[in-house]
C-alpha cells in the first residue's frame, strides 16, 4: 500500500499571500524553537560547566509542566458534599463539588484559578531550584569525573524514576492546562508589525510563550554576562581547572548553575503546558530532540543552543508544509535528524561551538 | 599471564555452554523458563555481545544500534515471505544487509568521535525508525509490523495446508517445537528455537572472545585509550573502528534475524531510540568491556521487562499471604509500585543503584564477591601465593 | 509424563541431520492434549494483555479493571453485572465449564514486540487459553497473528482499524469494538444534517496504518454526502506540537477539519486547533468546524474544554440507558468509584462473550469457541442487538455518534450521545474494498 | 654525508603569530641532531610539522626521498619516523607489554590489518621484540603492570621503548628526559648513545643542556620561529647569537 500523495491546494483565500504563510510558519518555528532553546540552554550550560551529560533534563522540563498541573489541582481542590437527592449512574449519592478557592475567595479565587499557569511560575522557580540543587548535590556531583556513558546511564535512570513517580501520582493521560481566559484568543500579529490586518493572526498564548522564552534566555545571558558569579561560571566553562586553581570555590557555583539550568527547563515546561497538555512522558519526547539541538548548536555554547533551537524549530515547520512534503514525502519525519547529520559532517563543532569540545 | 588467561577463557566458554544448555532448567524456578523469554535472553545476549565489541573495546558509544536489529528483522521476514521458511537464508540475508547498512552508516558516522558520533548514529536510527513507521510502509508494513502471510510466494517451499501459516524451521525442525518434560518436580520446556539461538549465541560468544584476544582487539582497546597516540604509532584507526562497527552491526542484524526466526514479525519500534538505548543499558549494566557482562545485562533487563511487568495485585497478595492481613496490604501496596505497571520504576532504580555502587556493572559486583571470598580465604593463611593477582579480563 | 508439542507439518518436511537429532523424541510420543493449553485442573487461565506503560496506560488500567470485574462476575462474585442482562443465559456464575476463572496480566507497552512477548509468556508459561486486550490496532493485529500461530483465541480490545477484521483478520481473532468504516458510516448522516452537504474537508492524519484506514473511511463517507476533500495531510506520530500543520488549514479554503488522530495526538491536535481559533472562524460563509471521528472519553478528558461541540463517534458510553449498560456502569462504578470507559466496556463484554461461547461449545478448544461465536447473535450488552459475523469475526451493532458536551456535570460527563446509529446502517459486505485482501483462514487449535 | 631529513622554507602562522619563519633544517643520516631554543621558539611546532600533527603553510619536509607534507600521522610513521612525545601519551589502560606490542604490530602489519582470528598470546615474536625494548629501557620487570600506574619518568621511558621497538629510521625526541631523576637521565643518555652508535638518526628537542651536549652531533638554535644558528655543538656553546637569544633581555 503506497501512501497517497498529499493533494495540495494553493492558498487562494483572499489576502492569504505566500508571505503570510511564510510568516506563520516562522512563528510556529520560533514557538517550538523557544521550547527547544530553553531546554537545550540548560543542557549545554550543565555540560559546559560540569562536564555532565544530563539525560534527566527532559524530565526537568516535564516536572516544570507538572508544577502548573499541581498548582491547578491544588487550587481546584474541591469541597465534596454528598447530594441527598441525586444519585450517580451507579447508584451512589452524587458528589457536589465546589473548589475551595472559589468557595472561600469568590471572584478572586476564580481569577487565581484562571491564571494558574502563569502563577505556577512562582512555585516552579523555588521548586525547580530545589530539585536542581538536590540533584546536583545528591547525585550529579559524584559523577563529574565518571565516563559519559555512566553519566548517561545514571541520569537516564533518574529520568525514568521521576517520570514513573509522576505517572503514579497523576496518571498517564495528558492533563489539560488552559491558558488564562484573557490570553486564549488570537492576536493580529501582522497588524502589530505593520502588515495588513487580519492576515497573520496568531494565538496570543503562543506569542506570550515566545516573549517569555526571550525574556528567560535574555535573563540567563545577562546574568552570566554582568555578574561576578556569571563571570566565574563562564571562565569555568572555558577552563575549569584554571578557575579551580585560582582558589575560587567553583563547586558551590556549579551547584547553583545546575539549579539555574533546572529552573530554565522547568519554566519552559510550565508555560508550555497550555500548548501541550502535560503527560508523564513529555520529558522523554523532548530529550532526544534537545540533545540534537545542543550538538547542532555546539556542545557548551549557549548562543549556539538558542540559535540551533530556533533554527531547527523553523526548519521543522517548513518541512511540514504540504508544498515541501509533496516533493519529499516524509521529510517532516526526519528533517531534524537530517539537519543534524549534515551540520555535524560539515561543521563538527556545531554552529557556534568551540573546537575540540567532547571530541573523543 | 597467557596461560592463566587462556585457562580462564576456557572456563568461561564452558560456563556459557553449560548455562545455555541448562537454561530451561536453571531459570524455571524464577518463572523465566518458558521458550519465548529464553529465546529473548540469548538473542539479546548476541545483540549485547556485538554492541560490546564496538563500545566495550573502542569506547565509541553508538545510540543507533537498534537500526541494525530492525534491518536484520525486516530482511529475515522478507526472506520468509519470498524464499523459504528455512531460517538459514533469512539469517544470512539479515547479516549481509545489516552489515552493509552498518558499513554505510559507520563510514559516515565514524568521521566524528565522542558524543558527536553518538548523535550521528542516533540520528540515522531515528530516521530509519520514522521512515519505517510511515513512508516506508510498503516495505515495513508500518505500525502493524511485517508479517508472513498465507499468500506469500515462498518460491522454495511446498505449498502449505489451506488456512495455516507456515512455521519457521531449520531444515524441517520447527522453531516452535517444544518438548515438555517433568523433571525435579518441574515442568520443563525444551524448545528447539531456543537451542538453535543458544548455539548461535555460543558461537557468537566464542568469536567475540577470539576477537577480544586478537591483535585486532588490542588495537581497538588502544583506540579506546588513546586514539591519537595510536595514529602516531603508525596505525590507521579508522578502518579498525569501521570494521568493529560493521562487525557489531552484523551481530545486531543476526540478533534481529533470530528475533524474526523465533517470531516472524518485524515491528518498527524495534528501531526506536529507546531500543538502541536498551542495548547500551544492557552492556553497561552488565559491565562494558567484559566478556560476560553484556549477556548478563541483557538477561537482567529482559527479565525485568517480562517478569516484573506481569505481576498484578492479586498475585502479590498471594506472595505475601503469610503476613498478617494489615501488613500484607501495606507490603502489597508498596511493592505494587514496583511491579506490574510500575516495572519501569524498578528498572530506573536499578540503573541508578548499579551505576552508583558498581560502576563496572554487574561483573564488577561479581568480581568483588570473588575477591572477597578469596580474601577471606587468604586471611586464614591457607594460601600464601599471589593468588589475588587478578588482571582485568 | 512426557508430552511433546511438535508440529506435524514440520516433521513431514524434516529429514536433515540437525532436524532429526532434536526432533527424534517426537516419534516416541504424540501430543496428549487436543489443543494448546487445554485446562486440566480446576481452573482456566485467561491472559489480559493491556498497555501498562506508554501513552495508553490509563486506558490499559481501565481495561484491567473491567477484566477483573468480568472475572469476578464469571466466578459468581459481586452483583453479576451484565450476566443478568445478557441474552444468553448459559453462564451460571460458577466459572466456565465448572472451572474457576483465573487470570494473568501483562504489559503491551503499545509495542508489537513487547505485546507479543507478553502474550507468549501467558501462553507458554502461564497456560492461558485466551488472550485479550490492547489499545491500538498495530498491537491488536500483531497479537492476533501470534494467537493464530499459537492456537489460542484472541478477543481484541480497543482496536479501530479496518485491518483488524479486514486484510489482517484471523480465524482465531474476534473483535467486538467498532471500526473506522463504521465511524464514517455513522458520522456522515449526522454531519450532513448538522453542517450541510456543501463542505470542504481538510484531513490531518496520523501517519500510520490506523490513521490511513480512518482517513480513507471518513473521506469516502463524507464525499458520499457531497463534501469535498481539500487535502489529506499526514502528521508524524507523537508530533506534539501540530501548529505547523494547523496554520495551513487557515488558508486552504477548507471549512471542516477532520482529525484522524487518537490518544495524545488527538489531545494535542484538537487543543491546538482550538487554540488557533479555528472554531471561531467563518469560511465560505459557514462556521468552521472540527470533527474527531474516533472519540474516547479518557482522551476527551485530556483535551478538556476543547471538546465542546465537537462531533465524533464512539463504541459505547456510560450514559446509555439500556439495561445492560446500566448494570455494567453500576457494578463498575460501585467497585471503582467512577464510570467505565469504552475500552473497559469492550474488554468486559469480550470476556463474557468468550466465556459464554466456551460454555455453549462445551470446550475451551479454540475451534469450538470460534464456531460458537461465529454468527452468534446476542443482546443485553450495551449496544443493542449484536451479531458476531462469521465471515470476518466482526461485531455488528449500534454505533454512537457523540458530541462534546457544552455543560458537563462532572469530570466524566464530557460527551453526550447525539445519535445511536442502528447496526444496519453501518453494516458492510465482508468483501468491501476497504476490508479486502486478507483471508480468515482456518481456526488453529495448536498442539 | 647524505641528509635523511630535509626541511626547507617552512612557514607556519597561528592567527597573527608567525610561529615558524622560513625554517630550513638538514638532518644527516646516522647523526643526532638537537634543536634548542628558548621557550616559545617554535621547537615543538616544528616537530609537529614533521609528524603530520600540523601542516605548514609553506615549505617542504622530505624524509628519505618522500615528502611528508599532507601525509596522515600513521602514514608518516609507516615511512619510518617514530616520535617520543613531550607529555607522555601512552595507552594508560593497557599493560606495559601491550603498550610496546602495539607499535611492534604496527611496524610488522602496516597501518591496518584485521587479524581477527589470531591471538595476542600467539604473537611470540612480537612479544619478544617488545620485551627486548622494555629491557632496553630497563623496564622489563614491569611488563605486566598497567601503564596508568607509572611515574612520569617511567612513562617517558615506556614511550622510548614504544619508539625503539619499531626500529625507526628517524627518531624524534621531544624532551626525552623531562621529569626524570638524574640517575635515570644519565641512563637514558647512555641508552640513546648506544642506539645512536648503531646508526639511528635522531632529532632531539631538549632543555637540559647536559643531555644536549652529551648526545648532539649537530645543533640548530631556534628563536622566534627562525633558525639563528646551525653548527657543531662546541661552536654553539659560546656563540653570541645563542646567548642573545637565551638571554635576550640580559639588561634586565
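Letters A, B, C and D mark the chains as written, and numbering starts fresh at 1 in each.
Convention: a contact is a pair of C-beta atoms (placed from the backbone, for glycine too) under 8 Å apart; a residue touches a chain by one contact, two chains touch by 3 or more.
Remember, predicted model here, so these are calculated numbers, not experimental data.
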Of A-C and B-C, pair with higher C-beta contact tally: B-C
Centroid comparison with chain C (C-alpha atoms), farthest chain: D
Cα-centroid distance, chain B relative to chain C, in whole angstrom: 33
Geometric centre distance via CA averages, chain D-chain C, whole Å: 74
Distance from chain C to chain A - Cα centre to Cα centre, in angstrom: 35
Centre-of-Cα separation between chain D and chain B, whole angstrom: 46
Multi-partner residues of chain B (each touching 2 or more other chains): 130, 133-135, 137, 344
Numbers and ranges of chain C residues touching at least 2 other chains: 53, 57, 61, 207, 234, 236
Per-residue overlap in chain D, given as positions that touch at least 2 other chains: none
Interchain pairs in contact, sorted by label: A-B, A-C, B-C, B-D
Complex interface listing, chain C residues touching chain A: 53-58, 61, 207, 212, 229-236, 238, 240-241, 243-245, 247-248, 250-253, 264, 267-268, 271-272, 275-277, 280, 298-299, 301-306, 318-319, 326, 329-334, 337, 339, 410
Contacting residues of chain B [partner chain A, same complex]: 55, 59, 61, 108, 111-116, 119-120, 122-124, 126-127, 130-131, 133-135, 137-138, 227, 273-274, 277, 280-281, 284-285, 288, 337, 342, 344-345, 347-352, 354-356, 359
Interfacial residue positions of chain A with respect to chain C in the complex: 1, 3-4, 6-9, 11-13, 16, 20-21, 24-25, 28-29, 31-32, 88-92, 95, 97, 167, 171-176, 178, 184-186, 201, 203, 205-206, 274-277, 279, 281, 285, 316-318, 320-322, 325, 330, 332-333
Contact footprint of chain B on chain A as seen in their complex: 1-3, 53, 139, 142, 146, 148-150, 152-154, 156-161, 163-165, 168, 284, 288, 291-292, 295, 299, 329-330, 333-334, 337-338, 340-341, 344-345, 348, 358-360
Interface residues, chain B side, partner chain D - complex: 1-2, 5-6, 210-211, 213-219, 221-222, 224-226, 228-237, 239-240, 243, 391
